[in-house]
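One chain, subunit A, links the two complexes that follow: it is found with subunit B in the first and with subunit C in the second.
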Partner chain A sequence: MSGQKKRSFLNEAFKHQVVFFQECVEKTWKILEHAIHEIYNHNLSSFSFEEVYRHAYNMVVHNFGEKLYSGLLTTMTYHVKEMFKLIEAAQGELFLEELNRNWAEHNKAVQMIRDILVYMDRNFIPSTPKTPVREFGLNLWMDVVIDASKTRSRLLDTLLELVHREMSGEVINRGLMRNIIKMLMDLGFTVYQDDFEKHFLKVSADF
Partner chain B sequence: MMDKKEKKFLTVAPFECAWRKDLKFREAGRGCVAFEAFAHNDVTLVFRENVGSQHYHYKRDNSPHYTVILGSHRNRRLKIEVDGNTVVDVEGVGLCSSSAFQSYWISICDGLISIGKGKYPFQNLVFQWLDSHPNCAVRYIGLSSWDKHVGYRNVSVLPLTRNHISLWKHVDCGEYICEDDDEEELEDERTAYEKWGIEDFLENWELSDVLFIVGTEERPVPAHKSILVASGNFPLTSSEDILRLKGVAYPVLHALLQYIYTGRTQIPEPQLGSLRALGLQFEVIPLVKQCEEAMERWKLNKKLFDFGKSVELSYPYTRPNCCTAFPFGVPVDIPRLKQLYLTSKYSDVNIYIEGHGLIARSHKIILSLWSLPFAKMFTNGMSETISPEVILRDISPEAFKGLLEFMYSGELSLEAAVDSGALLLQLFLLADQFGVTLLHQECCKKLLEYLSEDSVCLVLQVVSSIPSCKLIQETCEMNFSMHFDYCTTASVDFVLLDETTFRNIIQHPDLTVTSEEKVLNAILMWGVKAKEEYGWEMIDEMMIHCTPELLFGDRLQTVNHLLSFVRFRLLPLPLLEKLGKSNIARHSSTFSNLVMEAINCIKHGLARPENEHNLRIQHRRSSYKELQYICDGDSNGVLYFAGTSYGEHQWVNPVLAKRITITASSPSSRFTDPKALVSRTYRGTSFAGPQIEDGHKSTWWTVDIGADHQLICNYYTLRQDGSRAYMRYWNFQGSLDGKTWTNLRAHENDQTICKPGQFASWPVIGQNALLPFRFFRVVLTGPTADASNPWNFCICFLELYGYFH
Partner chain C sequence: MKKEDTVKLISAEGFEFVIHKDAAMVSQTIRNMLTSPGGFAETEHGEVTFPEISTTILEKICKYFYWNLQFASGKQTEFHIEPELVLELMMAANYLHT
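Let's look at the complex of A and B:
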């Protein structure tokens, strides 16, 4: 008899939770959206991991995984576009520096997002044909920043110019150069090959 | 799907052995083989480094191998041989051969041989033996025999991973299935999570609270107090965070820590002594023992370590099924670990649950090594990282305590599991929320173990939204469908099930129900989210004032879809006509079409149209009651069952009770008495005489089990009366209308009956045995053994068995 009671009690609790959650799903998403913004603004240290993680977990468990995922994509895209504006505006040698700085920040942000949305990454995405967060982060950077009309040629020119200067005996910022090359490698070997290696080999040969 | 699954099996001739390239462990020395086998004795499996030949025999093999023999010594003993020498020979463990296919599994993990019964690898462990000198090269599996044939089937090789729940899927999927390659890719995606564990914290600065300073170079090496305390006796205090080890070289300390954090390490032989000394200093006893053993072996056989010159030490797993999981794969002393939980010594985090206050003083490292989310919480720079407090919300304190107890012991406390299903369910959810894989699996197993018709609905509600619970969900759905009546009447919780789950249940091939009306009622109740139990009549009443759109809301479409799965044609005509006139039919065209279609079919005698594969008109197979033949004259048959009005009362003669009708080819008389045939008493003279049909003599007895019943007959019994007119040529036939007959069994010069009053029974086999019929008859096709009255069918008893509806 007591088993029966316990059972129905628990049922009530679950029913309550479901109904309750449907009412506040918007609110929950707003909190998560805010958290993602704050990740890009380096302001996350005041947030409670427990709270953010719990909200993300609730959204997935209550069948709002779709909403969470698409919301995440929109927010991330917005920020990467903002970054691109900064990169585009940078002139001369600052261009590479800005690119490198933003790339590092983007990576850090993606890692943070993976941390707080690990439940979605692990439980929701594999059951759908969706791209995992990390991969999406790379693709996004590729699409928004690297594939933008001017970036490729600008990046190539700047890099080759650096190479040229080094070959002529100037001291260049090798660390920066290494980071940028590493970024191209991270984005995929073909990207590195197409965008840099071929031209580099050609220029070296010319030299 | 069942059709595709052919019942192929492989027979191994005496003294032979079957080797297949794909019967191979993915990792040498580690793997599990699950298989089914039948034999009189000696189901024999050989494990060796390479494949052998067909005429290979383990008795003649010189290369290292393991042999496992189930049922040696005339099927009495279990035997294990290493390189041909018997190392295990036990009786009475229940691991013998069986004359019908039986499932077994054998797992080998670095010399630990585990053998179990049943389809689920790692479940139901029966016997275990550890080789002190493990052969870690064994890889290929040979299926062998002794002096009798052995049949094998469904042989699958599984890797040893932590996640054996997922392995269950691989079982049963056919012949010789290893692992699909695409699956492997998927696994890689997840490995980062699945492999998360204590080894990630080896010499990791994250969460470290103690430093070793080693060597003359004073190299700092981070470690975690609670792990050290649980593994040995380190001179730690709450305030002291530094341990100086001037005389110790870094590689030696590294080996010690690696052994503690991962359960295995490698060390160059010359440093073995220093490692042993360090282990002794900090009382890491398993390591000390293993160092000593290695040194012994070294002394005995210097060649052993000649190349590489590194000694490998690995902590013997205490459990075969959780290889690398903390705390079983590492040298942690579990009582000491539990003590840490109780005393909260060296704790670095206070856990609160909102509304319940402080729950525990705990160790970040312990929570983190089990759970990636907790690890991130404590390290990724958000507010919990610097705070010594964590406040959790929406969590039951009891369940969280259960989680902590598990983390500090590696075991699900039985109390939590048995005492309350609700707590177990909450624990399960918690394990899922925080990614504690092992607990998740343990709960999964326990939930399945304690699953009942009472809990199935609740479990389904909870797990259906959780992506990682497919196995439980499917099992619950099956359980629900098989107890459909109970689950839809005992409580109305089922109306809370989500659409997919409910749809799966309604369409489940194992759906068992006493009447299609119940299916209809359940669909309608689910549609209106009923708060109490009622039938379609109630919905009908509601529909007087209400449209389906209003009544069913967002479930309308699903209800319409599901209605097509109700097998209306199995409902009695009067009920169908009532349904046809109901308000439901008036409002819903889908419903009225289905009902009208069924009525037409029944009225125009299309109850069995040609299309046999049309599921909608077939009886649900499992809704038949199985009445199994046990022995001649038993009380398990259909006619006896009819005599009790199908279980309602004490037996009375079913002919007198008008449950069944029996007729004979000759008119009723003193010696041709229909009720005598089912009277369960012996009659000296009881026969049916011949009548002329189409110019031929025809003699038969016919049973009609009634318009509302059908029987898929698989056995029948006859009894000779007192005469010597033994039947020799006759047919056993079935019919739906009493006019056209289908042969179920033909007897040609059958000499079975040779004494007066003798019983005899025959199974019904072949295609036709699967068809349901209403009428059954035995009809003579040739003269009996009595020359004077060759066309008298002399039986005084008849009984039928099979699936009865």
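Let's look at the complex of A and C:
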């Protein structure tokens, strides 16, 4: 009898906690959303890792993984689109530099998001057909920036022009070139081959 | 023990445990906290507060960190856990990815 009583008491306590969490899940998500924005704005010193991680952990533990994940996608997509606008607006030489700078920032942001949401990556995503944070970050960059109608040809043209100029004896920014090529490699070897290598070999042969 | 090599873990009740970073990094979560790029508050101050871990549990966790290091380096002893701590300890371990 007393055992039964105790159990129902525990259940009551637990239920209370769950109901309580449902009420503040919106608030929790707002904090996390804010943190993700701040990651992209490089303004994190006010944040405690433990706090953000704990909120993400609580959302997953209380079955709000779905909400966390879809919210993350929306927020990240928004930021990458913003970056794309900057890249698209850059003219001439600046285009590559802008692309490189934003790529580096995006990468860093993805790394940090992965760090704070690692609990979701580890315990929620494997049980669903969703893509983990890092891969999603790469795919997103691919879809929004590289696959955009103009970027692809523009990137190729700019790179080939640089190659051509170097072949004619001019000094070019090799570091920048290397970073961009590395970006293509990170996005996948086939991306590198299709978007650069084939054309590069052809142009070199012509030269 | 130099200050750069240590990290301060603070329990829900405010007790402070100063332990080696190597030991604390047995926990993947703490490792991420201390190594993540981009200057979170923890990386800068070298202290982490756990508002959801009680002092008893955190003490046990710190002991476990050191035990784990010893075990990895060949000193294989038993790690004793009081049965009444098991549930909370498991939850903390899940949270800390230990």
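Things to note:
One rule holds for everything that comes next: the second predicted complex is superposed on the first by the 194 of 207 C-alpha atoms of A that agree within 3 Å, B and C clash if a C-alpha of one lies under 4 Å from a C-alpha of the other, contacts with A are read in each partner's own complex, and residues count from 1 in each chain.
Keep this in mind: contacts are C-beta pairs under 8 Å (C-beta built on N, C-alpha and C of every residue); 3 or more make two chains touch, one makes a residue touch a chain.
What you are looking at is a predicted structure, and each value in this text was computed from that prediction instead of being measured.
Within the superposed three-chain model, A:R122 lies in touch with subunit B and with subunit C [touch as defined at top]. By the touch criterion defined above, A:R174 lies against neither subunit B nor subunit C after alignment on the C-alpha atoms of chain A. Legend: residue contacts after superposition of the two complexes on their common chain; A:K182 is shown touching neither subunit B nor subunit C.
With both structures placed on the common chain, the touch criterion links A:H62 to subunit B but leaves subunit C unconnected.
Between subunit B and subunit C, B touches the greater number of residues of subunit A. Looking at the shared chain after the overlay, A:P132 reaches subunit B, while subunit C stays out of its contact range.
On subunit A, the surface patch touched by subunit B in one complex and by subunit C in the other comprises residues 44-50, 53-54, 57, 112, 115-116, 118-119, 122. Of all residues in subunit B, those touching subunit A in their complex are 186, 189-190, 193, 372-373, 376-377, 380-386, 390-394, 420-422, 425, 432-433, 435, 454-455, 458, 461-462, 465-468, 493, 496. Taken together, the subunit A residues at the contact with subunit B in this complex read 3, 6-7, 9-11, 14-15, 17, 44-54, 57, 60-63, 112, 115-116, 118-119, 122-124, 126-127, 132. Subunit C makes touch with subunit A in their complex at residues 28-29, 32-33, 36-44, 48-52, 95, 97.
Subunit A meets subunit C in the complex at residues 39, 42, 44-50, 53-54, 57, 108, 111-112, 115-116, 118-119, 122.
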